[in-house]
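One chain, subunit A, links the two complexes that follow: it is found with subunit B in the first and with subunit C in the second.
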Partner chain A sequence: MMELLAQTGLNAVYAASYISLVAVGLVLIFGVMGVINFAHGELFMAGAYAVVALYADMHLPFFVAVPIGMVFVGVLGLVMERGLFRPLKGNPLGGLVASIGFLMILQSLAVMGFGVRMEHIPPVTQEVWRISDKVGLPVARIYVIVAAVVLLSALWYFLKRTRFGWALRASAQDPEAAALQGISITQTARIAMFIGAALAGVAGALTAPLVSVNPHMGHSVIVTAFIVIIVGGVGSLEGAIIASVVYAFVHTFVTTFSDGVLADIVGLMLMLVVLIVKPTGLFGSADRA
Partner chain B sequence: MLKPMMFLLGAAALIALPHGLSFSQQEILVFMVINILLVMSYRLLTLTGEWSLGHVVIMGVGAYASALMTKNLGVPVPLGMILGGVAAALLAVLLSFPLFRMKGFYFLIGSFAAGEIIRLIWKRFREPFGGVRGISGIDPMPDFSIGFYSFDFFEPVSYYYFAGAIVAFCLWVLWRIEKSPVGLTFHAVHWQDKLAQASGVNLRAYRTLAFAIASGFAGIAGALQAHYVGTVNPNSFDIEVMVFVLTWAIVGGTTTFYGPILGCVLLTVINEIVLRGMGFEQARPLFYGAIMILSILFLPNGLESIVQKFIPRKSAAKSDRKAEA
Partner chain C sequence: MLLEMRKIAVNYGKINAIRDISIAVPEGKIVTIIGGNGAGKTTTLRAMSGMIPISAGEILFEGQRIDHLPAHKVVAHGIAHVPEGRRIFKDMTVEENLRTGAFLRRDKPEIERDLEQVYDRFPRLRERRVQRAQTMSGGEQQMLAIGRALMSKPRLLLMDEPSMGLAPVIVEEIARIIEEINAQGLSVVLVEQNAELALELAHHAYVLETGNTAMEGPAHELRGNEHVRAAYLGL
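Right after this comes the complex of A and B.
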């Protein structure tokens, strides 16, 4: 029993790390742009397909394919910023609808390019890091955990310690005041979109060999990300990370001890309860609605 | 004199319409009529300023309720359809307690979560909802005759007339509601909520009322669909269908009564007939997504804004209301 608990805990840590990459990106985009990016799950999917194309089909090394995939998805984010969100500034519902349109485009491009069927990706490594006979973590999952910790720490340093980060946070807090201080809102929007999309892309790229890659994989990703950012408080990066951990543990444990659909129901219930009791989320501030 | 003439002409055209179409186009026509009711009920909710992402699931509630009642309890199909609408409305009242603690974006996400929970419950519990496969073998509408025309519900044309009559009646009710003091209050709740509240309007009650009425008609639309198709399953009410409803409403525009109908008809024709006819089977979502983006970028007030250019009398009143917002 102890072993099962320990094993489920390790699996939850893995789930928490890729969920937090996706959710932090979504929060960053919402904070700076003021729109909900419904296509965020499809950015994750695009990252996974970048690995399919570069690693599985073109046989590039995995650790070359992942950064290329990350930059590729970041560029997709720039395209969305320029093509959709900038012209639709001040129209959040419009931005939402446009991102749904973009989602459909990405999905059907994936279907046309790769087919609807699940992709087979050769495993990067078969090694398993063993703690005891029954408890262990595949090394491929450890890569995801390490990447999440490194990237999120780097993001934290960037936001809290560099001038660009200050500018970014300032324009998330109060775009008008930030603009008056000489911060280019367009420039910060571009950076936020690139980082936000790239984080979703790298999460997709790293987990591609571990999950079933198909054109509709984004759906469950975006649902999870929504739950996490609501529970954590929309606009709060720390909240998103903590909520990712909470959600991953709840979801993994319910899946292990009961079943996956029930785990989804419990997760959504968690989000509804938070919405009812404290609509700004556990770590959200009241003013940013 | 002109108006009744136009009305009769329009009705005659709608009655003659299916006879010029192929079988599959007739089937699309049936779905389109049902979808018009769906999107118009959605519009009633948007009058109060709330955009929900759970409306299609509510439609599913009507479909499931009617299917289960006719199948397991032996309720006659027409009564089942009405009860399906009632069930959807009651569930909406229940959902309004948690959901209307939220507004705007939070309501959007909250309604999405509530809808997903309902959908997952259908998936999880095989008794009585049938799990992932859903319910099949739902009783069809029994055939009947009204003297000069006998309905044979294996024919899409018959079902088109039947559903068309029901939808027309429902649209008339929706129209009367909107033009009544209650409907005007819905507008006030959206555009002047502080003033409305100060004048003694119970905002929460009117929001709930709009939500319940909209859900009831969505439930009837769901029941109409269930008894035509013969099966319901959780995936036929997922977020992708909701996206279609959202785009019909937004591409058509929601400030006028005819806007969503325009959006639904035009996008259905483009999606089902033009794109399918041109052989873009896999690329259909791509074109559809592109149309969504282009229309939101270049036609932010919807197709109705084009119509309004040609009918200046009405557009003056509408733009006044927009200016207030």
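Right after this comes the complex of A and C.
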């Protein structure tokens, strides 16, 4: 029993890692640009397809494919900023609708380029890191965990210790006051969009060999990310990370000990309970929501 | 003249917020803009710093046109704006707020020196360096907003209602700070609801009424003016 608990715990850490990469990106974009990016799940999907194209089809090394995929999705984020969110500045609802349209375009492009069938991606490594006979974690999952820790730490450092990081946070809190400090809101929007999209992209790229890659895979990802940012408090990066961990543990344990459908229901219940008890989310404050 | 506004008009949709306003700010002086609610004081100031587009007229700073520039580019010319309601970054620490004020500067050693100067000027900010700005009192937040503006090393400081919502002793302290900053050579444009305070501090004053300049002159003269005394000083 202890072994099963330990194993499930490790699996939950893996799930928390890629969920938090996606959710943090979503929160960052919302914070700085004020729009909800519905296409965020499809950015995840685009990262996964970058690995399909570069690693599975073109046989580039996996660790070359992943960074290329990450930058590629970051650039998609820049395209969204320029093409959708900047022209719709000051119109959050318009931005949301445009991002839904963009989601459909990305899905259609994936179908046109790769077909609707599930992609087969050769495993990057079959190795398993063993703690005991029955408890272990595939190394491919450890890559995801390490990447999440490294990237989120780097993001934290960037936001807290660099002048562009301060500029980003200042723009998220008060765009007009930020402009009065000489900060170009367009520039911070671009940076936020690139980072947010790239984080979703790298999560998709790293998990591609571990999940079923198909044009509609973004759907469950965005639903999970929404639950997580609502539980964590919309606008709070720390909240998004902590809520990712909470959600991943709850979801993984319920899936393991009961089943996946029930786990989804429990996840949504978690969100409802948080909304009833603390409508601003665990780490949200009223003036940010 | 350090700054000159010539025949400025600003429209919000079909409404003229200000119609025909000309203001001149001489180097090293404090110029105040007073007037009632909706007279166009804040709008005038926001036009100066590029926060709202003007629909007529021109604005010159050190002889250069700045009226077509967005706010974040006006700062680079040396104009810092302490906005109405302070607008500090509440979730950031005091020091992060101040450093954000120096966003455009690259002269690192001088930024550190100026930061020390701001801390010397406002010892309470030094005490609260690592505290989130939200946790501070209104007076401290106003000091932070002024300190943040000073960090951009401006030639001209625009202040919108610095006394708003503050206790009388804090207002006096803010007034002393404005005089001190000005004595060190920084020019100031002060928009104030508190006309008594403004006319006491300023060298020159403009009285706005419904988007037009109703009167202008040396501050001490306006203090003696019948109309100003009746309408704005409550005497």
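Things to note:
We take it that the second predicted complex is superposed on the first by the 289 of 289 C-alpha atoms of A that agree within 3 Å, B and C clash if a C-alpha of one lies under 4 Å from a C-alpha of the other, contacts with A are read in each partner's own complex, and residues count from 1 in each chain.
Throughout what follows, contacts are C-beta pairs under 8 Å (C-beta built on N, C-alpha and C of every residue); 3 or more make two chains touch, one makes a residue touch a chain.
Here the structure is a predicted model, which means the values were calculated and not measured.
Between subunit B and subunit C, B touches the greater number of residues of subunit A. When the two structures are aligned on the shared chain, A:Ser184 is found in touch with subunit C, with no touch to subunit B.
Using the contact criterion defined above for the overlaid structures, shared-chain residue A:Met58 touches neither subunit B nor subunit C, since it reaches no partner.
In the superposition on chain A, A:Met1 makes contact with neither subunit B nor subunit C. Once chain A of one complex is fitted onto chain A of the other, the partner contacts of A:Asp174 are limited to subunit C, with no touch recorded for subunit B.
In the superposition on chain A, A:Trp166 makes contact with subunit C only, not with subunit B. Shared interface residues of subunit A (contacting subunit B in one complex, subunit C in the other): none.
Residue ranges of subunit B in contact with subunit A, taken from their complex: 51, 98, 101-102, 104-106, 108-110, 112-114, 116-117, 120-121, 123-124, 239, 243, 246-247, 250, 282-286, 288-293, 296-297, 300.
Listing the residues of subunit C that touch subunit A in their complex gives 49, 51, 70-73, 75-76, 80-81, 83, 87-92, 96, 99-101, 103-104, 148, 152. Listed in rising order, the residues of subunit A touching subunit C in the complex are 163, 166-167, 169-170, 173-174, 176-185, 287-288.
Within the complex formed with subunit B, the residues of subunit A that make contact are 36, 83-84, 87-88, 91-94, 96-98, 100-105, 107-109, 111-112, 219, 223, 226-227, 230, 234, 259, 261-262, 264-265, 268-269, 271-272, 275-276, 279, 289.
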